[in-house]
Amino acid sequence: MKKTTIIEKDSIQLENPVLIEGLPGLGMVGRIAVRYLIKKLKAKPFAHLYSPHFPYYVIVNKRGNVRLLRGTFYYWRNPENRDLIFFTGDSQAQTIEGQYEIATKITDYAKRKGVNLIVTLGGYRKEVEGTPRVYVASTSEKLLEKALKSECIRSPSGNPIVGIAGILLGIARFKGIKALCLLGETRGYMPDPKAAKSVLNALCKILELKVDLSGLDAEIERAEKLLEKMHEIEAKRESYVRQLREEERERTSYIS
Amino acid sequence: MKKTTIIEKDSIQLENPVLIEGLPGLGMVGRIAVRYLIKKLKAKPFAHLYSPHFPYYVIVNKRGNVRLLRGTFYYWRNPENRDLIFFTGDSQAQTIEGQYEIATKITDYAKRKGVNLIVTLGGYRKEVEGTPRVYVASTSEKLLEKALKSECIRSPSGNPIVGIAGILLGIARFKGIKALCLLGETRGYMPDPKAAKSVLNALCKILELKVDLSGLDAEIERAEKLLEKMHEIEAKRESYVRQLREEERERTSYIS
Amino acid sequence: MKKTTIIEKDSIQLENPVLIEGLPGLGMVGRIAVRYLIKKLKAKPFAHLYSPHFPYYVIVNKRGNVRLLRGTFYYWRNPENRDLIFFTGDSQAQTIEGQYEIATKITDYAKRKGVNLIVTLGGYRKEVEGTPRVYVASTSEKLLEKALKSECIRSPSGNPIVGIAGILLGIARFKGIKALCLLGETRGYMPDPKAAKSVLNALCKILELKVDLSGLDAEIERAEKLLEKMHEIEAKRESYVRQLREEERERTSYIS
Amino acid sequence: MKKTTIIEKDSIQLENPVLIEGLPGLGMVGRIAVRYLIKKLKAKPFAHLYSPHFPYYVIVNKRGNVRLLRGTFYYWRNPENRDLIFFTGDSQAQTIEGQYEIATKITDYAKRKGVNLIVTLGGYRKEVEGTPRVYVASTSEKLLEKALKSECIRSPSGNPIVGIAGILLGIARFKGIKALCLLGETRGYMPDPKAAKSVLNALCKILELKVDLSGLDAEIERAEKLLEKMHEIEAKRESYVRQLREEERERTSYIS
């Protein structure tokens, strides 16, 4: 395998589909969001993307089986509205050229599948308080307006959108496909299902999609308990270090 | 997009044009200079350069729209003398091969547009006092002489010219196009419109171009005030640190 | 040489051969194991693999002769069972793309030689006590079962297998060849013949191969003596440093 | 320029020529040696090698002219023996693939010019005392014997020869050209004409070449004076630092 390659398992036909991307990234927001939709909507895998720009290891699954890192395309036939294609996977590219190559490959394939709208999901680094807000950027004025009406905030001017969530927008515009990026506020150092829920809320409004998101609440609770625990450990560690320093200071004064 | 690509929006014909390059670099000198000329002369964009060797992010504009990083070619029809093409953009290449690939692409395209002279603008790291001087290097003895008569200084022997401003000269010579490089003295750690003005002064003399450069003066003043402020902050910080150290020393002596 | 290249010296025909790979890696486990088999079975070299992704130096041999870094394929005609191909060499690839390129080249070549099973050998980082255990992962449920019956442990889920031992499995699966990976527990910071023996024990059971492994015992003893010596030196160094610190502390107290 | 390219200025025919390479490297030994021969024998340039794997800057010459980094081939018609081709230049490749690409290009070109022997010159890191010795490695037993008779030492087994001096040997062997590497002992942190002279002495004996090497003596003297001066400065600096520390220690004792 010398180039990024897409292998189609199932040659499906879709109705005016939208592609929704969520690869691992800041706070795993995009990946958590897309995987939730895949599970909830029982979307089906139909194609894999392999690339020599992914990290050079394989992952072992529960049964001891292994496979190359890859991305997977899933489809969901929407009885009420446009069909959906999801794209998620194990990793982003490890090189600049790889980022461009993979984004180009995804966009070309999406175009062949009749996609004329790509939505990328990700995280936006911020000290969040309360419900994470969602930032939006788009190649289309109309889409942007729609997102702003769905309680999204305009992504600040001059702000870079790093990695696949950004590059995919740039390449899509370059190839004449409309594209939208939704970024949920997250501290980013732990998987953040709360940010993912905010992003999905916005996505559902914009695409007029009805999906029950309450299934994320258990995950959010788990993440918050974990975070609390980490804070406790950190607080204990700090108090211990402070105590040590004080003892040291007393000892030093005494000696002198 | 697997290779650096130029997309022409407007297939213009120019009279014996000169290409003037100024991408981001030391003190942003080249970029400030070229952007000033584009604005002042109302030059018009006619082609974009995209490359997988640019950084892998996109930038959001004021309206929330995004695009890939790119370079842009502008043209200006000179009623009195040779036409001008300007090239500026968001970034230089991030890899060695990228630097060569982009410089080759620019030079080939310039040749096709009838360019037989390329001028690159940039910064030259130096502790400047007073008006920044301009260093010159060239692939042509004649051009060099002309620049020296326009108050430029010969770039010191053995001195490397790093990045696009240098590589473009080398590739141009390789392809039989004359090329000249003008580097303005700058400390380089902040955008430096003063260095840009010096460079433009020299450029106008060499190309016998009449452009009012006074529009840069407001920008220069702003930059100098900002610098003063930074120096004040730095001085305060230092005096504060000094004071802390003295208190600490006294306290230590006292304890002992 | 612009691409990874295999040069066949001897165009041999083999009976349903298995390819066994062991390149340098963690604790040199794979390489020690494969080299032992080559020596013990008197396997013969028949092809070399060269690559611009190997490090850019050459190695001098005992007679002052030099050659490029390379991998070598050996064959052994098994009078009782399937023939064997061994692959070992000087180095793994130095780049991500190189890892994929070399693994693809090996797999394609193996396929042409009639190989339908690839076994990769390597190390598994762990604080070992007693006999190192062997972890297994595979692209085939049946092979995995056979390995588990041969006292191997299922490689933990989510565990990455880094480098050629892993990538080769991924690529093999991608190309429709069965593959198995055996990793021996090792601390990994020194060549570890003991881990190699564990791996070979498992390999022989799985492939129903009879090879006398006692020849590794001398090497194991040497490695253990060396390790003991290093521990002694380290203990001395630590005790010396402790002593210095105590002297320093006394001196300081005295001064104050 | 997307690939390493050789541009021939003068299509010369040579008699059974030997290629002698000396690019910048450890102690600049190879480059100093080859440049000395070029100057002394009045060898003439006939081809340039350009590569996108060289560093991305250009160098300004005394007159303010610039050019891309490159390598240059020179020839010398030997009235008494085999003709010589010299190869030297500004830099080695900056990437692994570049090292292989450039070595392949040089070897292919040399073959086309009728070369069946390549000699690479370089440095060997060592704390030298007295006259630097010369280490030899070769792809040919016969050449090696000849070098050993010319007072060279066999390069230690297992020793890597890094960079172009090594890779060129490996590629040459791969392409069926004999090759020899001569490495002069050098501390390596400064240009070392003394090591270069040792290497040239050996080279002249092996190739039965008569060249007056006394022209290097002035350069050697200059280098030794410079070294002495640097040692003096270093000694002063150290004594000054020692004094400062003592003062500090006294002051501290006093305070406490």
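The letters A, B, C and D name the chains in turn, as written, and every chain counts its residues from 1.
By our rule, a residue touches a chain if its C-beta (ideal position, glycine included) is under 8 Å from a C-beta of that chain, and two chains touch if they have at least 3 such contacts.
Source: prediction; values computed, not measured.
Chemist: Which other chains touch subunit C while also touching subunit D?
Modeler: none
Chemist: Can you name the chain that lies farthest from subunit D, using the mean of each chain's Cα atoms as its centre?
Modeler: Max centre-to-centre separation from subunit D belongs to A.
Chemist: If you fit subunit B onto subunit D using the CA atoms, what's the rotation angle, as a multiple of 5 degrees?
Modeler: So the angle, rounded to a multiple of 5, is 90 degrees.
Chemist: Given that subunit A and subunit B are copies of one sequence and touch, is their interface built from the same residue numbers on both sides (over half shared) or different ones?
Modeler: different
Chemist: With chain centres defined as C-alpha means, what is the inter-centre distance between subunit A and subunit B in Å?
Modeler: For subunit A versus subunit B, the centre distance works out to 37 Å.
Chemist: With chain centres defined as C-alpha means, what is the inter-centre distance between subunit A and subunit D in Å?
Modeler: 52
Chemist: Counting only residues that touch at least two other chains, what does the list for subunit A look like?
Modeler: Where subunit A meets two or more other chains at a single residue, that happens at 256.
Chemist: Note which residues of subunit D are touching subunit B in the complex, please.
Modeler: 1-2, 50, 52-69, 94-95, 255-256
Chemist: Which part of subunit B faces subunit D closely enough to touch in the complex?
Modeler: 96-97, 99-101, 104, 136-139, 141, 144, 154-163, 166-167, 169-171, 173-174, 181, 252-253, 256
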